[in-house]
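As written, the chain order gives the labels A, B, C and D, with residue 1 at the start of each chain.
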Amino acid sequence: MAPAFSALTLFDVVLCVLIIGVALCSSSVRDLFAATVLLIIYGVFVAIAWVRLGAVDVALAEAAIGAGLTGVLLIGAVARLKITESPAAAVSRWQFAAKVIPASLGLLIASGLAYLVLTVEWRETLQAPVLANLPDTGVLNPVTAVLLNYRAYDTLLETSVLFAALIASWCTTHDDLWGERAGLRQHTRRAGILATFGRFLPPIGLIVGIHIFWAGADKWGGAFQAGTIFAAVWILAIMAGVIDAPNATGRSIRSFAVAGPMFFTFVALTGVLAQSFLIIPVMVAKPLTLAIEACLTLSIAATLMLLVLGAPRRSA
Amino acid sequence: MTRALPLLVLSTSLIPACLIFFLAEKSARMRTVINLSGAIAKLALVAIMLEGVRSGATYEFRHTLLPGLELVLRVDPLALLFLTLSAFLWFLTTIYAIAYFHNGKDLSRFFGFFSLCVAATTGIALSGSFVTFFIFYELLTLATWPLVIHNGDQASISAGRRYLVYTMCGSALLLAAIVWLESLVGPIEFARRNALAGLDEWTLRLAFALLVAGLAVKAAMVPLHGWLPNAMVAPAPVSALLHAVAVVKAGAFGIVRVIYDVYGVALVDGIGVGLPLAVMASLTIVYGSLRALQQNDIKRRLAYSTVSQVSYIVLGASLFGPYATIGGLAHLVHQGLMKITLFFCAGSLAKQIGVTRIDQLDGVAHRMPLTMSAFSIAALGMIGIPPIAGFISKWYLGFGAVQAGQAWVLLVLAASSLLNAAYLLPLLARAWLRSSPEPTSEKRNPESDRWLIWPPLITAAAALAAGVFAGFVYSPLSWATLIISETYTP
Amino acid sequence: MLLDLAAPDFPWIALSVAIPLFAALIAALSSALAPVVAMIAALLCLGAALWTAVLVTTHGAQEVAVGAWPPPLGIVLRADGLAVAMLITAGLVSIAAFAFARQAFSARTQTPETRSAYSFWPLGLCVLAGVNAAFVSNDLFNLYVALELTTIAAAALVAMSGSRAAFEAAIRYLMFALLGSLFYLLGVVLTYSTHGVLDIRLLAISAESGPSTIAAAALMSAGLMTKMALFPLHAWLPPAHSAAPAPASALLSALVVKPPFVILLRIWFEAMPELVTPTLAQAFGALGACGVLLGSILAMRQERLKLVVAYSTVAQLGYLVLVFPLAGGGGAQQPWAAGAWTGAIFLTLSHALAKGAMFLAAGAFVEARGNDRLDSLVGLAREMPISCFAFGLAAVSLMGLPPSGGFTGKYLLLTSSFASGQWWWGIVLVVGGLLSAVYLFGPLSLMFAREPALAVTPVSRARQSIALLLGLLSILLGLFSEAPYRLLQVDRPGAAAEGFT
Amino acid sequence: MNGSIPFALCGAVLVGIGLYGVMAHDHLLRRLIAFNVTGSGVFLLFGSLSALSSGGATGAVPQALIITGIVVAVASTAFVLALVVRLKEEDVDAPAPGAFEGSSEHDDHAP
């Protein structure tokens, strides 16, 4: 079908090639820092791909979380590990086998998937019911409707995963550092660039975040995307020395992290009044959904911020 | 009542077992009270059932494990034969053990497992289905092992390991055979005979071989007897339990059940597996006696004697004649009475005057006359001197063999009796006829503890009585006749 | 009436997820309250599960459409016999683990708050919530999230002790588990894209076996097999389960490896039974058999008790997949249907109880002796009879000796193997039992030995009794197996009785 | 040719590349990077298959599932990184030669 091969298709193909190229580079480059930066670039490209697939919500999430947050986490880790290169491995027969087996497995799975992509007739049947029931959900963005209404239970468990990951990474603290502030103590010069950024950026970030949060109900965005931006703002403010890094034993930061899932679980539990679970009544659907989202955004922001800062570390 | 009785009789040893485990080590009196009241209650219940069963009653308890698979406790004459023996001997062994372990260590544990052993034996006796039998058979293995290694030294632990290796492998064969048969015909109950009719001959033969191999381990038949002589490192009451009350008897009893209630005599005869089994039993009888001759350690000699004697039961069951079977079943009881007497006495000798080897026996009878009298009665019975119980068994076995057209068994019996005499009489001769190498004036009378004296005297008397009053209705012989008359005249 | 708690459609199973989740959040707020909250939550979970069992046996399987959205749009939680039995087991094991953990991880006894006393409770509760969610969920993607919740909390429990070995074990565990998750997720993606549904029941109706369905099933199975440590993907398990503190090990070995198996059963037996070919079923069985043999042999070679127990988990998990070749292997002779399927689940349940008991007993030994080397066990039969007894009871169940839940399970599997003429799996079962006797009686023998005398730190009788109760339960499961059997038959999948044809 | 086929194929290739990396790399961080590549490959495949069948745009349900997946992935990544950093600190405190690089090397080839 020649006419379909338009300029946009060409763009798509080039984008795909770029994505694969960056992924390969990121996977093969020896320098760990470079690999991490490549992963961030990769994430941005993938986010563009999501836009091309008409999935703006995913694009935002990929950009904010997949590229941004993961990148920051990795860079932080690379910095802390103080090694930038994975050592050249001694080549032995074992090493050879250790490469050949994964390579053939990867090739097998990739080609198998490609074969399936091209031959199977795929089905997407849920879009119609999603849209048909949208008025009952109180939101206009179908993705938000799925996340916070149709499959809100997934989201409940997902916020629990974040919560578990937070406690889990706190669990890696040195016993004698328990109660110290998270991460390495930052030393920022008051007049430095970071400090200046740290004063200017947070208000802008807050506004962007609130917008994405608000837009999530109707167009695109939502708790996860907004929460990530708030987390970024928060971290920036800490790095700039505007506010102190939190302390894992602090009551308020724990409350921040827990409030969202707790409110969510509470709402879920009220469902038993209707002999069911996690019911969002149509009458109060919009305000209730917004309330849940607001609490979740807050907790996601706090949790992601804490995850990025990591456990309290000894300043070497 | 008919439902509750089997469960009650099981709980007379199961409940004491559970209670004793939780007793503090130092509450010796409480332990004794619980033990003995359990044993006495059991004897009382057994007496009730003896009377009931003789007048034709059956007692049955059922508990569903899975749909169609039931735990069945059923009192029939054969069950009661074994049950009575174990209940009676448990009572005496408990008394003996309390005296033997006076001021010992880990006694709550010991008596807990001891009672558990007896509970398992009771379960084996009463089991009315193959799965029930297996459950209690395994429970017996598990409960005996801590007793075998009770001393906790290297020798005990390696004896325990050997015991487990043999019995676990045996149980694995047994389980495989049971499940194999049950996968073909559904869960097997002993009361429903002819369940296996119609199966392929070779399946039946192979399953029979597996079953007998599994059971022969506990019955200590050659070549699966290796664990038994080693296990004599355990304390004397444990040896009594292993050799007379519980373990080897459980194996022999199982073989009898398989032949009479699972396969049925006709089927066993039909597939021609009786003769090989009889030959195996005969080999065991002769081999055990020959090995016994070579031992210098008293308990070891007695252990090999058990290897030999228990196979009389199997021999009787595998010959199919009514008389041979009666002889075998009666021997189940007779051997128990005689062998426990011998082990009680050997234990007393070791504990009171430190005699464990045959060359130390010189003149012992003058120092411990009562003990050695009991020992002598039991030993003579083993040889088959009338009118002691052992004679009755051998007589019936020999008569039955001739009746079944297997006269060669007479040769086995004769050889065995000669060998029995050869390995037991020298002990008696040394003890009674020789004089002690050292002066016998001891500060303390070695027979001062009457609780070590009475149990062997009672069992010896019982062995004598079982022979003298063999015609009495509750004698082992009469009871065995009752069992067999039911089998042969359905 | 506002709340009709006795109504057959009251969403008890949803509570068994929500309650521990809520409790985890409270525990994260206040470490002083945490032990009490955790215990209350576990008790409530058990209560809810038991009551659901009553409802389910009388009224049949129960469904809760979350948010009142029926599938395919919404997610359905489903209480069939299998799910409820697993919920009860999870409740029992977690009660025991939490009760045992109270002393070591109580914030009251440790001021200021310590790292482990704080983090144990939320993580333990997350594990409970995660496994419960996985047991009741009927939605493939939701199961993915539930598995991830379990994995992350479980890996953190592995790292809890803060030793170098613990961190290494946790990282290795996560690497395997995340790889497994990716495979599983890929399978879910293919399933959704092929059939447009994620609900297992709906999938059963709509599934026709095209190449993408086969690929999806294979990928999901590979992922789940990694997470349940089936041979040859077992290498992560022993270091992880032995590095964790005792109550955490109990949760890990008893519970965390079970949801992948349950999901595996659901995928193959409920959603896509027609995909299973005889070769595939035999291949599953072969992996299981290898797991049994290798796990047992490695367990024999260990010199630390917790490693013995952990390798035994590898072996025991191998038995479970024998259900694939043996399912439907019964004849008209057997008075029960679905023998192999029920037997495998009996093994799952009794393994959970017995392994929980065994790790808690091992924890008591470690507290008493200061380490878990086998030669430190000498003399414990006298010093800690309760724990030794607990270990012994658990060992009986693991060896499959009667009377125990392990025996019931093994008997059912063994019957199926002989009845279907596949005696080779029967040999695996029997030999596996003998091998487990070798590696379990070894430690038991040492406990009975008397020399040399070693120093002992006393452990309270009450805490030792916790393991004893769990061990006793694994025995009672075999003695009173009729009620559990009936429960498991509620809404049993057709393939469980008929086999894959 | 449908517009989303390139993305679906791209997703398939990314899964392959990522899986290779997860299994073949020695260094934990590199594995983690590969893990993230695999994840986004799976998601891309998911989204484009949905777009493929519904004619252009990814459906709402796959989008929501993908967002959930992305969050779960970042949570796991954060935890693994915390562990890796802590393990490194252990090495700094008490250096054990070669322990860090080889920590999960030997048996991991199996998958």
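Everything that follows uses one rule, which is that a contact is a pair of C-beta atoms (placed from the backbone, for glycine too) under 8 Å apart; a residue touches a chain by one contact, two chains touch by 3 or more.
This is a predicted model, so every value here is computed, not measured.
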Inset, instruction - Go through A-D and C-D and name the pair with more C-beta contacts between its chains. - result: A-D
Inset, instruction - If we define chain centres by averaging CA atoms, which chain lands farthest from chain B? Would you check? - result: A
Inset, instruction - Work out per-chain C-alpha centres and flag the one nearest the whole-protein C-alpha centre. - result: C
Legend entry - Inter-centroid spacing, chain D versus chain A (mean Cα positions, whole Å): 13
Inset, instruction - Find the geometric centre of each of chain C and chain D from their Cα atoms only, then give the gap between the two centres in Å, rounded to an integer. - result: 27
Inset, instruction - Quick one: report the Å distance separating chain A from chain B, using the average Cα coordinate of each chain. - result: 73
Inset, instruction - Express in whole angstrom the distance between the two chain centres, defined as the mean CA positions of chain B and chain C. - result: 42
Inset, instruction - Pull out every residue in chain D that's touching 2 or more other chains. - result: 15, 18-19, 22-23, 45, 49-50, 53, 61-62, 65, 68, 72, 75-76, 79, 83-84, 86
Inset, instruction - Send over the residues of chain B in touch with two or more other chains. - result: none
Legend entry - Sites on chain C at which at least two other chains make contact: 141, 145, 148, 152, 155-156, 159, 167, 186, 193
Legend entry - Pairs of chains found to touch, sorted by chain label: A-C, A-D, B-C, C-D
Inset, instruction - Over in the complex, which chain C residues touch chain D? Could you list them? - result: 141, 144-145, 148, 151-152, 155-156, 159, 164, 167-168, 170-172, 174-176, 178-179, 181-182, 185-186, 189, 192-193, 226, 232-233, 235-236
Legend entry - Contact footprint of chain A on chain D as seen in their complex: 1-27, 29-30, 32-34, 36-37, 40-41, 43-45, 47-54, 56-68, 70-79, 81-86, 88-89, 92, 101, 109
Inset, instruction - Flag every residue of chain A that touches chain C in the complex, lowest number first. - result: 112-113, 115-116, 119-120, 122-126, 129-130, 133, 149-154, 156-158, 160-161, 163-165, 167-168, 170-175, 178-179, 249, 251, 254-255, 257-258, 261-262, 265-266, 268-269, 271-280
Inset, instruction - Please name which positions on chain C make contact with chain A in the complex. - result: 2-4, 7, 9-11, 14-15, 18, 21-22, 24-26, 28-29, 64-69, 72-75, 77, 112-116, 118-119, 122-123, 126, 129-130, 133, 141-142, 145-146, 148-149, 152-153, 155-156, 159-160, 162, 167, 186, 190, 193-197, 210-212, 215
Inset, instruction - Within their complex, state which residues of chain D touch chain C. - result: 15, 18-19, 22-23, 28, 31, 35, 38-39, 42, 45-46, 49-50, 53, 61-62, 65, 68-69, 72, 75-76, 79-80, 83-84, 86-87, 90, 94, 96, 99, 103-104, 107-108, 110-111
